[in-house]
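What follows is a short report on a single structure.
Note that the chains take the letters A, B, C, D, E and F in the order they are written out, and that residue 1 is the start of every chain.
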């Protein structure tokens, strides 16, 4: 086993680990906002680390994987943000929230589903 | 050949008369046509010597030999006898008809129909081929239909016409089968050949069927009981037509056919039983019913039925004993009944009524017509020396040996005498009771016979001379033929039946039985006539006749129709359920007949990690699909479905089928976006209504649905199992594709090679389907917004827009004019700004490297479309359209398709096959293979890109999107 | 024999459709394309037929790939007969559309959709590849659904939704059948499948595949119990489209049935034939009685189609050479008759204020239209099988088939049902063209042009008077079909 | 790639695929639409990882193209649903 | 146009990445295609300041490195919470001013992205590019640091977009 | 695996049919979609070989192993595109139905009967 492969496997394992952690978060955390923290971030870390590992084991795909990673970095927070915003506008309750600065603002028009 | 003009001339004139009648006065037309028919009559007479020598003349043209149909004509004595009747009566009717109508505009049509009828009828009697005969036969039915409903605004006329057509047409169908069977059995359709095959036919197993079918056809046409009832109904026809068709000629077509086929099919127990029984029954019933009729034409119709019965019975007598009497009867009946019809028409014309109760004493006003009536009526009654007397004599002679038949004939003759006397006396004799028309200029063919009291008693419409002369001519002929029976009639009848007969006015060897019976019938008839006041007042119950059966059948058939139509209940669920159940039934039948072998190998469990993955993904797909069913809310169901779709994509990936997986992911995404858009489009209230009904269905309904789906699922599952297990090895086709992709079309991605080249046609059509579907969505939903419509060359938008009108009614839900979204914050906008160019680059990569990697023009198009969708979501519709001014979905589809077709057609120009792989050699940049395929990929991409954005836009913004 | 003519009926209209979408702003140009495309397709299909009559089965390898690896178009007599029928009617339909006053005809997508529908139809007939058959059928289905959905008749939408759902079932059956065939034989080429099926051993799924394909084709031809969509779909369509659907599009299933029974599933054919006779007779009576009792003049004709398809099925079910050729003649003649009748009804209803064909509103509407009345009457004669129109020829040909099959009960039922046809056709004629209108019936001064139906009726008359060529072609078609080796050899060589 | 590495990658892949199940549970159980949306989005992300691992196993770098497309368009679906949730319309 | 030509360079690099061809011809093709895409999409043009460009790139590189680091921290943080029995949650939404006097949407967006990618924080709403409403797992921890971090980030973003500070 | 595939196809098919029979047009549309997905699975199952590598031919870097059947993949692709086109059209029709008839309940689309 070459060194690249070992490091790659480690990174790969890290990625799988963080993915799993994120999924556990999705199950365990109490409300949608906190779950978004888990999924949006950990999946990102998990996948990026997984990509890095793969890049080491499959050098010819490195460029592609970098592009993919950049792209995930660009889109992941957007998705998280959009879901959170949607949830908030739908009036999804915040479990155990201690503070809400946004609630002070005028009600947004709440809508369907 | 020399008799062919006799048939052709009427048809030619029928075509010519309609334009000609615009210029000619009706009476001139009548005279002219009468003259023509008289000439044809003479022509036929002139044929007689030839026929006498040769027995028959014939002519034939091969027409449709494949179905045994030749245009073959055949004229022997029998034909000529009928043809003489047709042309002779026809001449008188034409003459008469020229004066019958006052509305000159109708005359041309009427004459055309009469002429067409004449031609068809002549063709019937001169047909030399069973099918030729049938064609002419059907033509007469059709013309009769048109003539009966000549006055289309009269409901009775329409009903009568239809009834006549149904009965004779139905009989015609039986006849057709009978003729076809006969032709098949004998191996020929030619009459002349059939004559020689009579033994073959009579002993053929099909004989019974043939005879019954042909008899049914003949009986229907010749108004035999119980199919007789259409004939009285047909009296709504203009009187000249009734005289011609429904008494003298068309109704005799059946008789003709029986006479014609009698040498071929006749003289069997069946024939000799059915014909006399039906004929005599008809004869008696007709005469009896005629007595109590009030309508003059009704009276004549029933006496005609009676007479037709007599003719049929005569033809059915064993050993052709009655054929002579039949021929004489045909001639005599044609003369006196034709005359009587014309007389009735004249009376109707003059008085405006045909009700015998309203008539009387007309002899003072119309002495000539009265005289004619006396002659014709007495001939009908069978008074010597008129032709009718001779006919009755021969009839009695023919049945003299059969006591029962003789009794029926005598009884019928008695009744007929009474009817004849009624016709003479109750119209012309006695007190004047005629109610006369008040208005001079009423339409004469539209009588309102009963119940209208607005009559003037002082004036009688004067009759034009020929309206008396025409029946006079026929009546006169009755007299002349009676007196000169030996010289005039004998030769024709002899010729017709092919052997010399003797006819006489008075029995040569003194008074015989027939003569006595004839005179007795006269006397008895006179007695019945004298006591008419008594029996006319009797209230006799009506017999249930054919008409009731007909009405009952029609209403029953209609009821069945209504029941059947109830199955078309309008609810799609039930339609689908019925279809699926049928398929389940058929498929299970097929599968149970198949023995499915389950090799042990396939039962073996999990083999590798990939298998575990596949199981997980399958489970995921199934669970998510199940969730999409169980989740009531549409949004949730859509999301569950999305998960299922992605899982399926994963399965594709494991197969491994990366190209399919890619498309699956893209399409799944697009489908999810689309369904969300639909949710936004449809009102929530509507959807909630539909949702609550989902599980609000009855338990039975749900059980039924579950049953259907489970059985179908099981069937398909078994099917799939069997399919999977019968994979052929080795598969030469797939191997060929794998082998040839790189060398032949230069692609590494074999799937791409198949899509663009090996099976390029599928792809070409598939994107056409996609493009068309998108255009459809666009057309259904879009409404034009002037000034926004795409234009290749500058052209102002016209103000009148068809689509605008069409959609006006749909536009009941107004769109919000200004919509400010809070969604488009900088975060999403930044992402959108980055993703779309990225998406386009990915799309371009797919496009240019389609042959080397997953993805192709199609995925490029979907990716582009999804990128645009992202902009729509983030920036909103208006803003996106403002930024992407080149985004005209409709034209993009058009250009895309055009490019795709250009790729397909270009190779043709270079002398290669349509859609052939045409590489452009000597060009290579960055491993991009330049071939005509690139054009194809671009075309696909544009079509799909345009299609995706068209669908998205049109569903989401139907009011604003440009139509095309 | 390779021949480039084969691509004409399919790809010429499609290419014009593509151009038409691109130049959608120029309606006249687009409609001109339509007519040219229709006529060129017609001419090329005739060319193919003429070539067939020389005794050749034409093939064309799309992309130049040899069968069974690539897709091949095959123009044998069966395909050609149906294709000539289809292109003739479609050309007439386009002509009608040009003179049609419906709003939907002026939609930019109308003509391209129409052309694509025609192309799909021709493609389904000429293709020698069973998967491509599916693709072409889908093209036809999708375009026709759209054309019905955009109809001026607002209920067209309802009909389109229903048909799309039901048609999807047909597509599913077809696809499952194709999957089974591919699983069993590893090929999609019909000749190849035929060759492999001709081996004595019956493969595992032959019967099931046959059943599924049969169901798919029955559904396309709206045979009981797959018929529910048909009356709705055919009558709410715009006149030029409805008259295609009910005459030629509905025949694709018939074509498919004949093809699968003669080329591929020859061993299963007897079983299928029995079923076809039963379904056909049910269809005859259901359709005829439905026509008798329905409420709309166009719907009546649609039900009539349901019945007429039944006649054709019975002919196929009888299975003898005479019966099969009778069925072919029947199918062709019915196409011309039905399309012209629907067009004529359209002409009348285009004069009414609401563009309706409802009998309650259309009574007497045709009283002033002498030519139209005459055309309808002739059409009625043809449909009822009255000589000397072409319907008579079909009837006789079919009845002779029945006699040759010795199927007396079916023969009796088939012929007897003709009475119902007479009843509903002529009653309707009287209703529309003879009786005085009830109350005040306002009519538009101009309506659709009766030119196209007049031409078609002319064709009906011609085919009645001069039917020998058609009968001859039908007989030759059947004799060609009776030897599937001819087809297989023409496609695969050897 | 050595056999051992191959096995390890397969194991990782298996874990990744099994991780789909809890996500699916979240999609099914909700409780709010936003929860489901977020879980769906996570499934997309996991799939991206799975595809990359598959590419590694199948030694076909072109398979990664699929994950590129998926990455781009998971976002579209997520945003469309999110906007629908937030505003009752997609665009 | 100059701006587009410059912008096309990273796009061409991405093209090279996605087509997996590290060759000049591929890059050239990518560059051309990227230009085409830009012409079609017409993003808002900016003035190109050649002198500032190196600094911009350096700032971008710093940003990316920091981002990665933040992601790692974020991952570890959330992982710790998720795997601990009580998850130590104290969630809430707090308002965070962007501290950008020009209220640039790009800066607001970048800030929101980075905040969302950093430990325990998630931007729920943006108000007029001025205030970010941040959901955090631990209100106290975030309140303590976020304003200072934001001030630092604004500096960096200003450099990235080439704003003269 | 084959049996699982067949099983899955059958179950998918059953679920699609059940969903298709709903009164709610949108749900029925989903059934339509599920059914076509099931068909794609079926096609995949009947592919000529149980491939272990994608059907790519590249002499230089192709890994060893049986390639999957490319023809079924092409067929599935065509089927997907066509069924998606139909699906989109169906959704469009539903949108128009909602606008024109104010309903997405198929039982209320019953003006055409008899």
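In this text, a contact is a pair of C-beta atoms (placed from the backbone, for glycine too) under 8 Å apart; a residue touches a chain by one contact, two chains touch by 3 or more.
A quick note: this is a predicted structure, and the numbers were derived from the prediction, not measured.
*Asks:* Chains shared as neighbours by chain A and chain C?
*Replies:* B
*Asks:* What's the minimum number of touch steps needed to get from chain C to chain F?
*Replies:* Each step joins two touching chains, and the minimum needed here is 1.
*Asks:* Can you tell me which chain lies farthest from chain C, using the average of the Cα atoms as each chain's centre?
*Replies:* Chain centre farthest from chain C's centre: E.
*Asks:* For the pairs D-E and A-E, output the one whose chains share more C-beta pairs in contact.
*Replies:* Between A-E and D-E, contacts are more numerous in A-E.
*Asks:* Distance from the CA centroid of chain B to that of chain E, rounded to the nearest Å?
*Replies:* Result: the chain centres lie 74 Å from each other.
*Asks:* Could you tell me the distance, in whole angstrom, between the mean C-alpha positions of chain B and chain C?
*Replies:* 15
*Asks:* How many angstrom lie between the CA centroids of chain B and chain D, rounded to a whole number?
*Replies:* 60
*Asks:* Distance-wise, how many Å sit between the C-alpha centres of chain A and chain F, to the nearest whole number?
*Replies:* The separation of the two C-alpha centroids amounts to 31 Å.
*Asks:* Two or more other chains touching the same residue: where does that happen in chain C?
*Replies:* As it turns out, chain C has residues touching two or more other chains at 131, 135, 138, 142, 145-146, 149, 154, 157, 161-162, 165, 176, 179-180, 183, 186, 188, 231, 293-294.
*Asks:* Pull out every residue in chain F that's touching 2 or more other chains.
*Replies:* 20, 25, 28, 42, 46, 48, 53-54, 56, 71-72, 78, 82, 85-86, 89, 93-94, 96, 100, 106, 109, 111-112, 114
*Asks:* Which positions in chain D are in touch with at least two other chains?
*Replies:* In chain D, 33, 37, 58-63, 65, 68, 72, 74-75, 79, 81-88 touch at least two other chains.
*Asks:* Can you name every pair of chains that touch?
*Replies:* Once each pair is checked, the touching ones are A-B, A-D, A-E, B-C, B-D, B-E, B-F, C-F, D-E, D-F.
*Asks:* Touching residues of chain B toward chain A in the complex: what are they?
*Replies:* 633, 635, 679-680, 684, 822-823, 825, 827-828, 830-831, 834-835, 838
*Asks:* For chain F, which residues are in contact with chain D within the complex?
*Replies:* Going through chain F, the ones touching chain D are 53-54, 56, 61, 63.
*Asks:* Give every residue of chain A touching chain B within the complex, in rising order.
*Replies:* 71, 74-75, 77-78, 81-82, 85, 89, 108, 112-113
*Asks:* Name, in rising order, each residue of chain C that touches chain B in their complex.
*Replies:* 4, 7, 11, 14-15, 17-25, 60-65, 68-71, 103-104, 106-110, 112-113, 116, 120, 123, 131-132, 135-136, 138-139, 142-143, 145-146, 149-150, 152, 154, 157, 161-162, 165-166, 169, 173, 176, 179-180, 183-188, 203-205, 207-208, 210-212, 214-215, 219, 225-226, 228-229, 231, 285-286, 289-290, 292-294, 367, 381, 384, 386-388, 392-393, 395-397, 399-400, 403-404, 408, 411-412, 415-416, 418-420, 422-423, 426-427, 430, 433-436, 467-468, 471-472, 474-475
*Asks:* Which of the residues in chain D end up touching chain F in this complex?
*Replies:* Of all residues in chain D, those touching chain F are 58-60, 62-63.
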